Amino acid sequence: MNILMTGMSAVLCIAMLGAALLAIRVKGDDSLPLSILAAGLVSLFASVLFLILAAPDVAMTEAAIGSGLTTFLFFFLLARIRGTAQTVDKNDGSALDGRDYD
Amino acid sequence: MIYMAMATGFLLILIGFYGALTNRNLLRMIVAFTLANTGVNIVIVAIGYMHGRTAPILDAAVTASAAAARIIDPVPQALVLTAIVIGLGVTALMLAYAYKLYERKGTLDIAQYTDLKW
Amino acid sequence: MVNALYLIVAALTAAFLLGFLNPARRSAAYTITLLALTFMSCVSASWVWEFAVNNAAPVDIFTAGTEPPFAINLRMGLHEAALTLLVNLTGLLSALYLKDALFALGRRGMAVLLVAVMALCGIILTRDIFNLFVFFELAVISTAGLMLFSDDSRALAAGFKYLIVSQVLSVFFLIGIIFAYHATGTLNIDGMAEASLGMKTGGSIAFFMLFIAVVAELKPFPANGWALDIYESAHPAFAAIFSAATGAAAIYATDKLLLIGGAEWLPISTGIGIVTFLAANLLALPQTNDRRLLAYSSIAQTGLILAVLGQRDILGDSAPFIAGGLLFSHAIAKAGLYWLSGLIAGRELADWAILRSRPLLIFAFVTFIAMLSGLPPFPGFYAKWELVHMLAGEGRLALLAFILIGALIEAAYLFRWFGYIIKREQTDQTIACTPFQITPILAAVVGGWALGLVWGDLSASHFGQSNLLLALPLLFALSFLLLDWLPAWVKNTLAIAGMVAFFTLTYAEYDPLRLIFAIIFLIGGAIIFLASYDAHGRRIGFYPAAMLMYAGLTMLIRATDTFGFFAAWELLTLGSYFLILRGKRSEPHALSYVIFSLGGAFLILAGFALAAQGAPQFDLTSLSQLTQPLAPWVFLLLAIGFMTKTAAIGLHIWLPGAHSEAETDVSPMVSGILLKAGLFGLMVLLMSMGKQQLYGVELTHVLLWIGALSALLGNLMAIFEEDAKRLLAYSSIGQMGYALFGLALMNHLGWLMALMFVINHYIYKSMLFLSAGGVAKRTGTRDMYKMGGLITLMPLSFIATLIGIIAVSGVPPLSGFGGRWIFYNAILTTDYRLPMIIIFFAGPIAFLYLFRLIHTIFLGQLKDEHRKLKEAPFWIILPQMIFVALLMIFAMFPGLALRRVDTYLNQFFPEGGLSWAGNTITSSYGYWNPIAIMIIVCVIFGTLFAWLLFVNRRAQKVKQFNIVFSAERPFRPETTHYAWNFFAPYRKALGFLVQPFATRFWGTLTDLLHTTADLTRRLYDGNGQSYVFHLFAFIVVVYLMRIGV
Amino acid sequence: MQFDWMKIPYSLLTLFIVVNYGFLLGALIQKMGARAGRRYGIPIWQNYVDMLKNYSMRSSITHGAMFYLGPVFRLSGGVGLLLFVPTIYGSYMFSNLSFAGDLILALYFVFFGTLGMALGAGESGHPHAAIGITRGLSQVSTAELPFALAVFSVALQYQTLSVTDIVAAQQGGMMNWTLFTNPLAVAAAMLAFLGTMMRPPFDVVVAPQEIPIGPPTEYHSSYLAMMQTNRAIFPIAKIVIYMNLFFGGADSWPVFFFKVFLIYLWSAFVGVVFPRFRVEQSIRWFLIWAVPLGILSIVLV
Amino acid sequence: MIKRFITLLLLAGIGAIFASLLFTYVPDSELNRTADYYAGHTASDIGAANIVTAIIVTYRGLDTLGEVTVLFLASSIVGLVLSLGQKQHKTQRNRVAVGELLTTGSRFLAPLIMLLGVYVFVNGHLTPGGGFQGGAIIASGMLLLLLADPLRHFSHTLIATLESFSGLSYVALGVLGLFMAGGFLDNRILPTGTLGELISAGAIPLIYSLIGLKVGAEFSSMLASLSETEDLK
């Protein structure tokens, strides 16, 4: 069981790191949702890891708040910003993607 | 396993910091910080974990008298709970700020918000 | 006593209660907010009372019915009580101030404010590390929220930057907490301290993280750009909270944390603190935005306090006294200044000139900057004194030097700002402010003075110093603040009466040396005050400043220990600064005066501290017991300090402007009287320490050179001056050079000569300044070449000037000759010949500028525009005539003043005294009979004069002009009076000697500082990411330092 | 040394002798200068003539108080200077009023006359007068420096400031004179002497006043007479100091006359030989040549 | 490029700090003093089966009060931020067409989700989960409703009242502890009951429920503020 658990957590950890890198490195005009989703995924994996680490309370919280509510908040806001962007956008679309100008 | 989890946690923190330093988009910076927060949570929980013990909940299997030898440290878990909620509060706040900033200037680029300097 | 938990309960209850209210019912919500904050303040106040007055023991408050470390506990002790009182009062007063903003934002805004105050109290009270984290996060979030109160649209961005930084910090905090917990098995701060965290595996790094997270809240350089932005853009009332309350809480949290870290972390705290202190003060120099300036100052002060916390190993039980003194001074002053800034529309420093429409607010401002600069009688002064003494006692001299340098820079920009307020163009509008805005400011003023009293009391009871606010002269001076509504002549009478009365009450207490100074300071001051009757109206601000200076002077000669001496020194500096600043164009000069003076004062402080070697109290007379290798250094520091006041060459650049731009009756005060303070200091120094060698160099010999050079160059510069009062000012440099020379001779006659100069210089320089001032008043200019021929119009002023210049030049029979005679006798006994040669040269040169003074003003052709001038006002002439009489009396009977001193000096220099047989004064080399000289000269003079008058008894008065030009019109009217560039040949021959080397040196130094600061502050480019960058850099550097340790 | 009333007639006697000697000496020197320039020169009694004429004339013009004060200051300075220094060594009669003060008094009283001159000229109201004064003061201030140094050197040498004591120390043969015991000081003082005598080459000072309408033109009749008197007394009073300090003083009137004549001649001699200096030139000249000598004399004494 | 390099360098430094923490870490083999106390005393003193809950609600109750306050603060400030300058804001809300399925589904699901939330926090002292998780679940119910009908107005007054009520009651219970039990937030103002039963562990279920309500209300308020920003014209 231990080996199973260890193996599983190893996979989880790698997946988390991968998702995290995806979240910060993904590029492109419409990459923000992907980024948010990836971050949510990290949280979700983390909550599984918490379960393995014998922390059910934390796991529940992380799942509900970390991956659930936070992701929703992000999307909620993204939608608002897009809504605003279409009407008050002064920066012809590029404003939304304010990254990597250097 | 503890080490692995902890290393993952630390790496997540570093990835988060790296993301926050290299992405100029406000929302992406916030995303990066949630990653870092998750990493912190993993580290904390990993520290409380003890090999071969169970969650700190008393039930038929883990009686009150045997608890000391059977359960893992409950304190880090309690701390993480608090930390998660606080993290959410801060994230929500940052999001609201980001939105308002965007509304004011029409950009999410942090390098555009340098009216205050020197 | 009310359980301290109610601080938290009350705030939360109120915050939650607000939710029940209809959002429209703002007044009700506001009332609830105020009530809660008032309640909290009362709770804290009652605890302060309990601890401070009843000496109760600190109380631990347990929660959850479980004892720590298993549950969270809070602690209420004196420090916690005082700090929470500070926090709550700041919150309450800011809430008053924020009334409009709170009404605009509604109940949610009020709730945020309440929670913010609660969180800060929590930070102070809690003894649990994770609880500390929670309260910190609360404080962070509420800070971000309170940024919304600002009208400044940039505040939002600042809040966001802060959130970014705090996210990073919270990561470190949490990691630190959990590893510290892992290492010690507890979350209790005291528990961690007991378990000596640093000893455990990984514990040291865990603590490093905790430390970073908390210290970063103290805005260490360079990781503080976010804080600057917050300060600049926040609502001023919130900036007040952020500076005073948040700062205090964060400092206390650091203090608690250092408990865990133990001694090895103290040097790092000191390092971070002092670097921050210096850097922030330096960066503030080129700042023109008021709030950002205050931000830098806040950061600097916090850094200083951090440095003090880091010195706990040597400060011991005094640490709270010192850190508290600095902290409370800073908090009150900064809160007050931020509140004030809310009343000012413009954001440039110069926009504060509008404060002039409200003298009360100016008083508030002065109180605040005095508190920040650590001037007496405020807590910062006592704290600084003890701090410097303890540092010096333990030999931490580098830190001491850094602290003093930083403090000097800080004083420089604060006083520069004050100069702007008093002198810059004022716009027409007045300050519009509500009682809600004024109350907090006045409360801060009252609080500042009250704390001054408290700290004075503490200082008296713990270190044996005196409580300055109980000193009679100071109280008398301060009472003029309350009387400022009276007309000037009433106050003038009071001032004169007070000074004369004080002298008559105390004259028996002085030794002969001090008696001379007492007479000059008190009676001499009263005589000069006669000229002040000329002023009309209320003359707001004049009397408090003048009396402050006189109080300082009086306390200076009455001081017996170094503390009293230094306090008096600071007071007289402050008072004279305000006086000098009153002049029309005196802003830059007053600034350089106060910077030089404070710089000198800091050297004196350092010297005293070095001398005391940690002893809290040190008699001035004990200076004589110092031994090598300390003594020469003490001597050097003190001597340079005193020489800034006597304007020895190199340190003189403040004097000409300061003395010449001052008002007519102020110039004699600051020249005739104030300069003597420096001489008094030198006398005290030389009297007790005598000759000192440093690296084989005889220090008195160095002073001798400085004195001689001052005499020569001061006189030379006076020659080329076109401005009458500047000429007199330069002359003062020369005269003080003579006096310094005399003292440095270190023999009986040298000292006597110096005293002679003290008396003479007071009389004739006051007289000449009054005379020149009176003329300037009538002609409307101080440029001598624009005058001429005034002798017939202003005969009394002319007589005063004539007598004055005869006396200054040392021509017999007037009293200046006595000084010269003693001088020659004095130098015959010593071996320092080269400086004497220089001073020989200075003598005839004095004659040149003096002649110029009388010639270009009073002789020659009268200018057309001056034909209808009248004699100077009566009240300006009256003291001049008194001085003429005094001069005559002193010329004939120098023994009146000098005989007792001569005897007195025997105990220091038993050899070489004068013999006073009959009317002849005899030294071992020569003799002199002042009365005979006077009679002979008068007889010859009188005979010839009478004869000439008799022969020409019916001479017809001819218009000068007609006879000179034979009734022809001169080619150009302005060529009728040769006055400009009067000593042109001299300039051709010797002008190279008066190149402004000193001015250039100090100017370059200032420019260098400014440029450095200007370049460095570009670090803060406003980008939130850069701030994170700085933070990381800071963390890594501190870590490397930590490994290096 | 105390005051007693007999000092007053004795002093007046000294004054009388010196005035007469001054008149004659002045004319003599002038005549010698003229002869050196192949002119005939004035008669030896010319000064008496001038004096009688001027004193007997009455002016009806005044410019105000300072106008009186100029000559008065000036002559007071000359007379005072003479009387504060003992003329004949060892003679009670001719010790004058030296009980009132020592060398320093004499040294500083020199300025009394200078001040008076300057004030009087200033009151004349002509710009050129002021120019002359600035030049004069500039020059005197540097010319006095080597003298002061020399005096101090002598005072250091004899460890006293009393003129009588200094002369006393030089008695017993020429080789005891300061001239030989402290030649540097004497050299410095004698160079300084040139500058203070207002003779060529250092007389550019008086030029702007003289040429157009300076004080000497304004001061006529009794004003001028007073100044002429001073012109007779003042140089001699000064020379007396030099004589006492550097040349062993005089123990009788003949020695006095002789020594004074020789010292006076020194300035006259230089005056005919050298051309005029501009003021800044003379300032530099004194600083370069005379002052170092004075410094050396002080350092080496 | 240079900037990126320095970034990496700095992060390497931070990483080194973390690494040294990691490499010096030695797992405990026994519970430390604090944890041991909790393991041994929770059941008898507090009466809660879930030790984490006991710690959160009682032992470290002050933290939790702070935590709740954080949320309260966050929602207040979010509300404040978003209402800032609202009056001038003139943009039209971009209406998103919402499918019929979601609308109906949400109407059906939302109450169930909320019920689940209540269950979670009421059982906080027995099973994993508690006020925070329950509150979050309630909030997701609200979210669902919002998604289904973006124009729906929540009663701010209701939410605010709920917030205030739960918050005040929480504080009041805490103060009761001062008078009736051992100290602030002591749960033993009510009998501890039998371990493992629903009505046990003193005031913990009550407090946790209040926390749940409070958290739910705060989240909902935040969401509501976010959703309504542009509707407040």
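As written, the chain order gives the labels A, B, C, D and E, with residue 1 at the start of each chain.
Operating definition for what follows: a contact is a pair of C-beta atoms (placed from the backbone, for glycine too) under 8 Å apart; a residue touches a chain by one contact, two chains touch by 3 or more.
Just so you know, these numbers come straight off a predicted model, no measurement behind them.
Q: What's the overlap between the neighbours of chain A and those of chain B?
A: Common contact partners of chain A and chain B, which must touch each of the two, are E.
Q: Using only the chains other than chain B, in their current positions, what clusters of touching chains do you get?
A: Leave chain B aside; others remain one piece.
Q: Which one of the chains is farthest from chain E, going by Cα centres?
A: Looking at centroid distances, D is the chain farthest away.
Q: Considering B-C alongside A-E, which chain pair is linked by more C-beta pairs in contact?
A: Higher contact count goes to B-C.
Q: Indicate, using Cα centroids, the chain positioned nearest the centre of all protein chains shown.
A: Measuring from the global C-alpha mean, the nearest chain centre belongs to C.
Q: Compared with chain A, which chain's mean CA position is the farthest off?
A: Between chain A and every other chain, the largest centroid distance is to D.
Q: Averaged over CA atoms, how far is the centre of chain B from the centre of chain C? Could you give it in whole Å?
A: Chain B and chain C have C-alpha centres separated by 50 Å.
Q: Approximately how many whole Å separate the CA-defined centres of chain C and chain E?
A: 54
Q: Averaged over CA atoms, how far is the centre of chain B from the centre of chain E? Could you give it in whole Å?
A: Those two chain centres are 15 Å apart.
Q: When the centre of a chain is set as the mean of its C-alpha atoms, what distance in Å lies between chain A and chain D?
A: 105
Q: What are the residues of chain E that contact at least two other chains?
A: 7, 11, 14, 18, 21, 25, 28, 32, 34-35, 38, 50, 52, 60, 63, 66-67, 70, 73-74, 77, 81, 84, 128, 132, 222, 226, 229, in rising order.
Q: Would you please write down the residue numbers of chain B that are in contact with two or more other chains?
A: Those would be 7, 13, 16-18, 21-22, 24, 26, 37, 47, 49, 55, 57, 75, 77, 81-82, 84-90, 92-93, 96-100, 103, 110-111.
Q: Which of the chains are touching one another, listed as pairs?
A: A-B, A-E, B-C, B-E, C-D, C-E
Q: What residues on chain C touch chain D, complex-wise?
A: 789, 791-792, 795, 802, 806, 809-812, 817, 820-821, 824-825, 827-828, 833-834, 836-837, 840-841, 843-845, 847-848, 851-852, 854-856, 859-861, 918, 920, 923, 925-929, 932-933, 936-937, 940-941, 944-945, 948-949, 951-952, 954-958, 960-961, 963-964, 975-979, 982-986, 988-990
Q: Write out the stretch or stretches of chain A touching chain B in their complex.
A: 5-6, 9-10, 13, 16-17, 20-21, 23-25, 32, 35-36, 39, 42-43, 46, 49-50, 52-58, 61-62, 65-66, 69-70, 73-74, 77-78, 80-81, 84-85, 88-91, 95-102
Q: Over in the complex, which chain B residues touch chain A? Could you list them?
A: Residue list for chain B touching chain A: 1, 4-5, 7-8, 11-12, 15-16, 18-19, 22-28, 30-32, 34-35, 37-38, 41-42, 45-46, 48-49, 53-55, 57, 72, 77, 80-81, 84-85, 87-88, 91-92, 95-96, 98-99, 102-103, 106-112.
Q: Can you check the complex and tell me which residues of chain B touch chain C?
A: Touching chain C: residues 13, 16-17, 20-21, 24, 26, 29, 33, 36-37, 39-40, 43-44, 47, 75-76, 79, 82-83, 86-87, 89-90, 93-94, 97-98, 100-101, 104, 110-111, 113-118 of chain B.
Q: How about chain B: which of its residues touch chain E in the complex?
A: The contact residues of chain B facing chain E are 2-3, 6-7, 10, 13-14, 17-18, 21-22, 47, 49-51, 55-59, 64, 67-68, 71, 73-75, 77-78, 81-82, 84-86, 88-90, 92-93, 96-97, 99-100, 103.
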